[in-house]
């Protein structure tokens, strides 16, 4: 498995039957493919529906049915359509069990930066601030470093998307929880040593007493 | 015609084709029966629809289709249903051309009191404050006095429903507009003398230069 | 995921002193069976958020008549003389709110907003004791978000996942309340399988709904 | 009451310097024909309120590429590199707003509210320059209501009175914008007679809609 697959596979284990989840664009979208068949999760798409299903075969594409990335998708039985106000009432109102998002930086206090690099890249926050602020559980899913540069920081120095909202960070190297004491490494990928993982992380890792291999 | 019929008939002439109107409970509801067949107005019902039609014959009553007074009604072609938030977005957002309401008191400054008599009658404002605050034109339709007691005041002494929002008062005695200079009598019912109308009105009437009989 | 439960199980979740939102407008689109079961249960000291207190023998009003209510937050109580009587005798606290403001407060509770700024009620007794916020020279009342422990709502057709279709004028406050309570119990006139409702006709997503009970025909 | 007008007549209502709301999400559910006609008209110095600036060759983005836009208020501009370039070169003012806040601001404009209090953006650069209101110990950003001179929206099926049904994910900002502009022009994929739409399926009442133009298939 490549790093992205490792991450998506592991994130998928965070959910339980019936969870309502919003998956960000990019890597987080891949998570849907790894959810166990024993459970059913309900995917919310912030452009206006719940019950997001996989991409259709080409001849079944409907021009009006796309995900928040603009890609053709399907809607599952039991889904429904709504407008942007309702969509964000669901998100902001605490009705999502979890959201999975990428990050430019995330830090040991649970701060997240993923919407701009001043003077360089300013795509905008889209729905990310609402997702980070509203979901019960915010999971950051990303490669551990940006080609070697730290992304898991003591303190983010990029403009924040949300302050103190991240619950968990899942990378190809391991799983880290944001705790009051700091960043707790609870699982690691045995392809890496703990030293390598720490080196790839600016924040100081606290090693969990029940540390295990990534499930 | 009895006084209520005179009032309802005259109020109906306030509308033009395409107007969106909310009629209050009681006398204002009667107005619908007098709208000219040459024009079509769209009635809004604050419990959740537009396109309010007349009461159905008894065997056609639908238990789920009632007006804001809880009475069985119909919906016309081109109407739609919505929730209370949308209903009051329409009302508060300035999307009603007119509302017609009764009053306990109304005054020469356009203040309206129709939701409580302290210590005696406290039915609540229902949707009246929103209607008075939101409609482009607020028409008070009522009998000129309460069994001889003044209702058209220099200044309301009952708790207000809205401040300075009333455009026009229509009674069985005449039609009065709220102007910056005061209460302008523009039409009168020739069954009454101007003296009788003034006597039935606490506020000082200004007689319009183009005063005419009630149309 | 959504479980159908009995009316008794539903009412057992309600505790003395809780805050309930109850859907309906003049007892149309109200969860009548749940109200009747709550009546029988004798639960008391309830705070009820509702559009109106219905009638003495219909809708939320029955709970008032049965002395189960400590406080009512509503826009209209005039059709139930018992609400007025208990209020005047100091037995019942009543907070009257303009109907549109009440709708926004419940919606804000469900939408994770702190509140909304409304011009309605400015210059009337409604602004007494409220925070006034000026925006671009206009004065607005800060209407705070409302939430409840439990919402009891009515649905015309409900699927197994809790998705709700409201027929005609039964919608009113039901979808707003469905978003704003910890536990949401819908009384369904008819229950259908998941997928049987057109996804464009659903006004309340099942994800808001905790439990479904079978209602009247 | 509602009149079908030509695309040209619609675009003629737009004046240089006006504020427009334009519906759609990543160019899905956008009024494409109206955008194309506006492109051809050369109207300029526009302020555009929209979810995103689409792509250089699709949706609102085309107007940016054609230098007709003075200011954009949106939640996302990342899929249109021209928006970013013009912003960085100081040719275009861009105000970025969290998507849910933008939705509420447009809704508030249509609903006659002064604004809403949102917790989203607290502790981020979004709160800079905004009024902060504390409610029960929590800090909220005051997000003011937004209105526009003209809204250009898309409807899947529109009846003669302007009632709109939005198919699938084309709904997005369209119904919100339909409530919040002085003049509302809907581009209809299909126009039907009054009464042909199920009144439960209509998401925008015709009373919000000023004009209907015929859109693409």
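Think of it as A, B, C and D in the order they're written, each chain with its own count starting at 1.
Simple rule for what comes next: contacts are C-beta pairs under 8 Å (C-beta built on N, C-alpha and C of every residue); 3 or more make two chains touch, one makes a residue touch a chain.
If you're wondering where the values come from, they're calculated on a predicted model, not measured in any experiment.
Here B-C and B-D are compared, and the pair linked by more C-beta contacts is B-C. With centres defined as mean CA coordinates, chain B is found 55 Å away from chain A.
Note on chain placement: the centre of chain A and the centre of chain D lie 29 Å apart, centres being C-alpha means. Put simply, the C-alpha centre of chain B and that of chain D have 35 angstrom between them.
Looking at chain B, residues 49, 75, 81-82, 85, 88, 91-92, 133-134 sit in touch with two or more other chains.
Counting only residues that touch two or more partner chains, chain D has 104, 107, 111-113, 118-119, 167-168, 200.
Contact between chains, as defined at the top, is found for A-C, A-D, B-C, B-D, C-D.
If you check the complex, the residues on chain C that touch chain D are 104, 108, 111-119, 133, 135-136, 138, 140, 142, 144-145, 165, 167-168, 198, 200-201.
Residue ranges of chain D in contact with chain B, taken from their complex: 1, 107, 109-113, 159-161, 163, 179, 194-195, 197, 199-200, 202, 205-208.
By the touch criterion stated above, chain B contacts chain C in their complex at residues 45-49, 62-66, 68-70, 75, 81-85, 87-88, 91-92, 119, 121-130, 133-134, 159-164. Note for the complex: chain B touches chain D at residues 17-18, 20, 40, 42, 44, 49-51, 75, 77-82, 85, 88-95, 133-134. By the touch criterion stated above, chain C contacts chain B in their complex at residues 25-29, 51-52, 74-79, 84, 87-88, 94, 96, 98-104, 107, 118-126, 156, 166-176, 203.
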